[in-house]
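Presented sequentially are two complexes of subunit A, the first with subunit B as partner and the second with subunit C.
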Partner chain A sequence: MAKYIIKNALMVIPTMLCVVFIIFTINYFTPGDPVAVFYDFDYTEEQYAEKAAEWGLDQPFFQQFVNYIKNIVTKLDFGYSYYSGKSVMSELTTRFPVSLKLGLISVALTVLIGVPFGIISATRQYSPLDYGVTFISLFFAAVPGFWLSMIMILIFSSRLGWLPSSGLTSWTCYIMPVIASSAQYIASITRQTRSSMLEVIRQDYIRTARAKGVSEGVVIRRHALRNALIPVVTLIGMQAGAVIAGSAIIEAVHSFPGMGSLMMTAINNKDYNTIQAVVLLLSGVVCLINLLVDIVYVWIDPRVNVR
Partner chain B sequence: MMRRSRPLLALGLSVLLLAGCSPSSPGGGVETETATWTLGTGQEVTCVRSTEAEPAEKPIDDRTLRLGAYGENFVTSTLSTVGYNNLIAISTIYDGLFAKDFETGEILCRIAESYEFIPDETGEGMTLHIVIREGVHFQSGDPITAEDCFASTVGRVETVGTVRTYLGDTIDVEHSWYEGERDLYIKMYQYDSTILECLSCQWLNVGNLSFEATATDDDLWDNVDGSGPYIVEEQISGDSVLLKVDDNYWGWGIVDERPNFDYLSVKFYSEASIMTIDYERGKIDACIGLSFNDTKRMMSQGAAHSSTRIVSSGNYTVICLPTYVEAFQDARVREAIFCAIDTDAAAKAAYGALGIPMNSYVSSMAPYRREYHTNKYDPERAKALLAEAGYPPGALSFYTVVSANDTCSVALAEIIQSFLDDVGVELTIDTFDFPAALQMQRNGEVDLCITTFYTMNSDISGCFIQLPEGSYNKAAWLTQLDPELDAKLKEGRYTQSTQTAEAAYAWIQDWLDEQMWYIPMVEYNTSFVCRDYVDDSGFYNLMHTRDIRNLDLIER
Partner chain C sequence: MEPLLELKDLSVKYFTSDGTVEAVNGISLQVDRGETLGLVGETGAGKTTAALSILRLLPDPPGKIVGGDIRFQGESLLEKTEKEMRAIRGGQISMIFQDPMTALNPVIRVGEQIAEVILLHDKISKAEAERRALEMLELVGIPAERGSEYPHQFSGGMKQRVVIAIALACSPALLLADEPTTALDVTIQAQVLELINQLQEKLHTATILITHDLGVVAETCSKVAVMYAGEIMESGSLADLFDRAAHPYTVGLFQSIPSLEEDVDLLRPIPGLMPDPTALPQGCKFHPRCPYADERCRTVQPPVEELSPGHLVKCLRFCGGAEQAQEE
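The block that comes next holds the complex of A and B.
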C-alpha cells in the first residue's frame, strides 16, 4: 500500500512541472506585456529596461522558467501581482481558503445527495420516484451553474430577500454558490450511481447474496454499492478538483472573493504571475485529489493494489 | 400518467410561486421628478429623484455609509493607481495640494495654503511657488512637509508615465526644489494653464515619503499612512474595503466638514446587476457605476426613496483612422468612413443611457470646445466616395481589436462593422483581454482604432494628448502631418491669454473637422444611485472619485 501511494505521489511532480511549463509558455507567447501594463503603457526605455530586469523578463525564455521554478521551490515565492502590486502568495493565502471551503461543502453536498438518490433510483427502477429523480437530475445536468446562480439570485435575493446575493459576510452567503456549483455534479453523480448500481445489482453474486437470505439493505450497502462506487469516486474526484479550483463564473456572479474571481481578474489584466500561481496551485489540488481517489480505489477494491 | 406527472407540476408551480408571490422590488412605478443642469465644468447632470415626502429609514447601522462599486480592490499606494476602484480608496485616504470643485470648475487649495507664479528674471520659464498649509499632517501624526509634497508631485514626473506625458514638458524636475517645511518651488519651462488642475489629480496625491520608503506590501494594503480624511480599517481582497473617518484629520473645518457617519464601507462587485439587487434589498446605501440597463430602468421608472443621476465623465471614444494605413491617405476614403457610420445611432445602441453622441472633437468638460456636425451619416455618399477613390465594394478590408472585457466597446465595434459592411467595407474584429488589445492598438497593429481618450485635465491639450507623434498611441498620431498642429497644441496650453488659447484651440478643432482623421463617437456618462437619506448634493464626478467625500448621511 505504501509503495502504491509513494509511486502515485511521485507521479505528481512531473505532472505539475508539465502544467507549469505549458502555462508559462502560453503566457510567454500570448500578446501583451506585463511591464507595459505596469506602467499603464506609458514608459521610457530606461524605465522599461529597469522593470524588465527587476522582474527577470529580460532573460531568455528557459532562464526565466528555471528562475520561476527555483523561486517557488526554494522560497515559495510566486512573485508580485503585476496588476494589484500585492504579493501573489499573500493573495493566494486570502483567496484559496474561500474556494477550498466552497469546494468542500459542494463535494459533501454532492455525495450526500447524489449517491443516495442514485441508489434509490436504481433500486426502484421505473417507479415514479425513479422518473422524478431522472427528470430532475437531467434538468440540473443541462442547466449551467451561472444561469442557476442568476435565477436563484432573482428569486431568493431580489424577490424574496431570504439570501444574500453576494459577498462573504455570513454562512448564508455560501448557500447559493454551493448549490450553483454542485447542482450539475449532483445530477451527474446521481446518474452515474444509478447506472453503476443497475449494472451491479444484476450480477450473479448479488442474486446469490439475496438467495442466501441476506437482507436487502446489506446486499445494497455491502455488495452492490461498494462495487458500483469506483466510477462514482472518479467523478467525485473530478468535481472536487473543478470546484476547489474555483468556479470562476459562479464566483464572479456572486462577487465571491475566491480563486475563480482572482483568476478572472488576473487573466483579464495579463497578470502573469498570478495566473501561473493560481494554475499551479489548482493543478496541485487536482493532483492531490487524484492521489486521494487512487487511495480510495484501493480501499474500495483491494484488487487495484494487487494489480 | 397523470399521477407520475404530479410531482413535476408541483415543482413547476412552486418555482412560479416563488418568483411571483413575493413583494416586487422597490424599483418600479414610483413618482419621480427629473432635473437637468450643467455644472461649471461643462458637464451635464440629469437627476431622477423619487418624490416621497419622508426619507426612508436607514435599514442597518446608522453610522456607516455603505457604497457598492463595480470592480476589484487593490493596494492603496499612491504610486500604484492603475484601476478605477482603487481610486475610491486612494481618493479618500489621500489629499492633494489642490482639488477641483466639479460643481463650479474651480481649483481649490487643499494641502497648499497659497500659490503664486513667479516669472524668471531671464524671461524664460517661471516658478510655481506653493506654500504648504501650517499644521497639516498625515494620519500617523507625522507633519506633511515640503519634502513629501516635492516627492509626491515633482518626483512623480519622472516615475509615473501618465504624469510624465502630461507634465514632462512643463516641469523642470532638475531645477525644482523645496525650502524648509512649507515652501515648494516647481520650476516650469513655461507657463502651463493646466498645471493646477494636474496637481489636483489623484496621481499627484501627497504620500508620506518616509512611510512609503519603508512600507511593506501588506502595509500598503491595509496599514497605509494617508494624508486624507479616511483611514483604512480593513481591506478584504476581491471583496471590500472599510474606511474609518479620521477624527484627527487636519482638514475638518478648514477644507471639509466632518460627515455624519463614522465608517465608509465599499463593497466591490464583479457583476453590476448584482450590485443593483443588493441596493434594492437595502444592503447598500449607494451604488457607483451602474450598468446601462440598470441606469435605463432607474431613470425611466425611478426607484423608491432614491436619487439616480447620470453625469458626463469627460472620457470619450473615437475611431482613429491611422495615418500608417495607405487607404486613409486619401481624404475621400476618410470622408467615406465618416459618412458610412451613423455615430449617434451607434453611440445610443452600444452605450444606451450611458452614452452621449458627440457633436464635438473634445470632451464636454473642455473649455474652448466647439460644436460641429460630426454625424455625417450618408451611406450613398460613402459608396460614391469610395468608388471615386478607386475602392469598389469589397475592395477595402480593415482589422481592429477591442477589449473583450468592455462589452460596450465590443458592441460598438460590431455596430461599426455593420455600418461599414453596408458600404462594402469589411471590418474584422478581434477581441483580446484589455492589456493585449490596448497594446496592439497603441503599437499600431490595427487598421482602424476604436480607442478611448482619457483626460487628466479638462484642457483641450489634455484631450489631445495622444495626437503628437511619439505619444503612446501610434494610431492617433497626427502632428507629423502638419507642424502647425503641434505648434497650436502648445500655444493653446502654454499661454496666459484666453484669446490666444481660444484661437489656437479653434484652429485645431477646425483642422480636425476638415481633415477627418478621427471620428468622435461617444462620451460616457457615469451613473450613480443613492437612497434619499444620503446627501448627494455635492456628488458630481464619478471618474474623479474624490467627490465621494462629499457624500453624507442626512441628519435626522
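The block that comes next holds the complex of A and C.
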C-alpha cells in the first residue's frame, strides 16, 4: 500500500517537469515582447536592455529554463509579473485559495447531491422520481455554466437583490459561482451514478446478498454502492481538477478574483511568468487529485492493489 | 408427516416487452426433511425460476408468481411479508448459485461475507460471528487465515466452496443448489458435490439440486423431477426414473447419453428444440418433438398419472392404464 502510494507520488515529478518544459517552450517562442508591453512600447535602448537583463531575458533559452526551475524549486519563486511588476507568487497566494475554496465547495456539493440522487434514481428505476431526476440532470448537463451564471445574476441580483452579482466581499458571493460551476458536474455525476448503480444491482453478488436475507437498504449501501462508485470516483477526480483550476468564464462573469480571471488577464497582457505559474500550479493540482483518486481506488477496490 | 417444502401448482410468468414468458407452468413437488431432490431439465426449462420463486427473489419486474402456492414447514411463503422472508432467506432456505466467479462481492473479504449471513440470522456478537465464519471456511476445506482475502484471490472451485460456506453457515433446513458445478472443472465438480453431500448429511439439510447432468443426479439424489418447458413431465424415486423411465422426454434424455459399452458413430439427441416460452405449443408441451405424438397430444393437456406410488408422469400414453403404452 505505502509502496503503491510512493510510486504514484513519484510519478508526479516527471509529469510536472514535462509540463514546465512544454509551457516554458511555448511561451518562449510565442510572439510578443514582455519588455515592450511593460513600457507600453515607449522605451529607450538602455531601458530595454536593463529590464531584459533584470528579468534574465537576455540569456539563451536553455539557461533561462534552468534558472526558472532552480528558482521555483529552491525559492518557490515564479519570477515577476511582466505586466504589473509584482511577484507572481504574491499574486498566486491571494488568488489560489479563493479558487481552491470555490472548487472544493463545488466538488463537495457535486458528490453530496449527485451520488445520492443517482442512487435514488437507480433504485426506483422508471418511477416518476427517476424521470424527474433524469429530466433535471439532463437539463443542467445541457446548460452551459456561464449562461446559468448570467440568468442567476439576472434573477437573484438584478431582480430580487438577494445575492451580490460580483466581487468577493462576503460568503454569499460564493453561492452563485459555486452553483454555476457545479451544476453541470452534479448532473453528470447523477447520471453516472445511476447507470453504474443499475449495472451493479443486476450482478450476481447482489442476488447472493439478497439470498442471504440482507435488507434492501443494506444491499444498496454495503454491497452495491462501493462497487458502483469505482467509475464515479474517476469522474469526480477529473471534474475536481477542472473546477479547482477555475472556470475562467464563470469567474469572469462574476468578477470573481480566482485563478481563472488571473489567467485571462495574464494571457491578454502577455504576462508570461504569470501564465506559466498558473498553468504549472493547475497541473500540480490535477496531478495531486489524480494521486488522491488512485489512493481512493485502492481503498474502494481491493483488486487494484494487485496490479 | 407434512413435507418440508411443497410446491402446489406453481406458475411463474415474465411480463416482458417481447411478450409474456411462461417460465413455470403449474409445477407441484414435495421435498421431505433431509432428502435430496434432483430437478433436471434443459437450459430454459424453468428450473432456476422455480428455485428463485421459492426464495421470492424473482427479478420483479418482469417476473411474477401468477398462481399456485409454496408451502414451507406448513406455512405459505407467498403470504409472508418481506421482513419475514428475509429471516427465511439464508437462515432456513439458502441458495447456491451457478456461477461462483460472479456470486461473491468483489470488494468484501470472504470471511466478512460469510460472517454477514451468520450475523443476520443468529443473535451473536460480531466477533463470535467472525469466528464461526472462519470455522465454516475450514469446514469447506479452506484454511481459516484466507478469510481476510478477497474473492479475486481465490480460484473458481475455492469460490464455490465459499459460496457453499455462506449457504450452509446457518444450517438451513433447505438448500437450493442451482447447477452448483456447471461452471467448474470436472475434477473440481466431483469435490464440490462430495462436499455438498457431506455437509448436507452433517447438518440434515434437504436439498433441491438443479442440474442438467443426469450423472450428478444418479450420484447424489434420492428423488428426481424432470422439467420441460416449465412443467414437470415425470417425477419419482431415483430407481423409478433411471430404471423405469416412462415419459418419452425422460427416455429421450437417457438415450441421448452415449454408452461406454456400445460403439456409436452418432449421438442420439432428441430431435427439435425447446419451444419458445413466449409461444408454447397447445396440448402437451413436448408433442412437437415426441416420437409417439398423435392427434390428441396436440390439443389435450395431459393430466398427471401415478404409475406406481410416488412415480408421477404427465403423458397421455399412460392415461387409463400403463400396460397399453408399455406394449408399443
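Quick note on the criterion: the second predicted complex is superposed on the first by the 307 of 307 C-alpha atoms of A that agree within 3 Å, B and C clash if a C-alpha of one lies under 4 Å from a C-alpha of the other, contacts with A are read in each partner's own complex, and residues count from 1 in each chain.
In this text, a contact is a pair of C-beta atoms (placed from the backbone, for glycine too) under 8 Å apart; a residue touches a chain by one contact, two chains touch by 3 or more.
These numbers come from a predicted model, not from an experiment.
In the overlay built on the shared chain, the residue A:R191 is in contact with neither subunit B nor subunit C. Looking at the shared chain after the overlay, A:K51 reaches neither subunit B nor subunit C.
In the complex of the two chains, the subunit B residues touching subunit A come out as 3-4, 7-8, 11, 15, 18-19, 22-23, 25, 72, 74-75, 77, 80, 82-83, 159, 161-162, 164-165, 217-218, 220-221, 236-240, 267-271, 274-275, 277-278, 280-281, 283, 404-405, 432-436, 438-440, 442, 472.
The part of subunit A that touches subunit C in the complex is made up of residues 203-205, 207-215, 222-223, 226-227, 300-303, 306. Subunit A meets subunit B in the complex at residues 30-33, 36-44, 47, 80, 83-87, 90-91, 94-95, 128, 131-132, 135-136, 153-161, 164-168, 251-255, 257-258, 261-262, 264-265, 267-270. For subunit C in complex with subunit A, the touching residues are 55, 57, 85-91, 94-95, 97, 99, 102-108, 116-117, 120-121, 150, 152, 163, 166.
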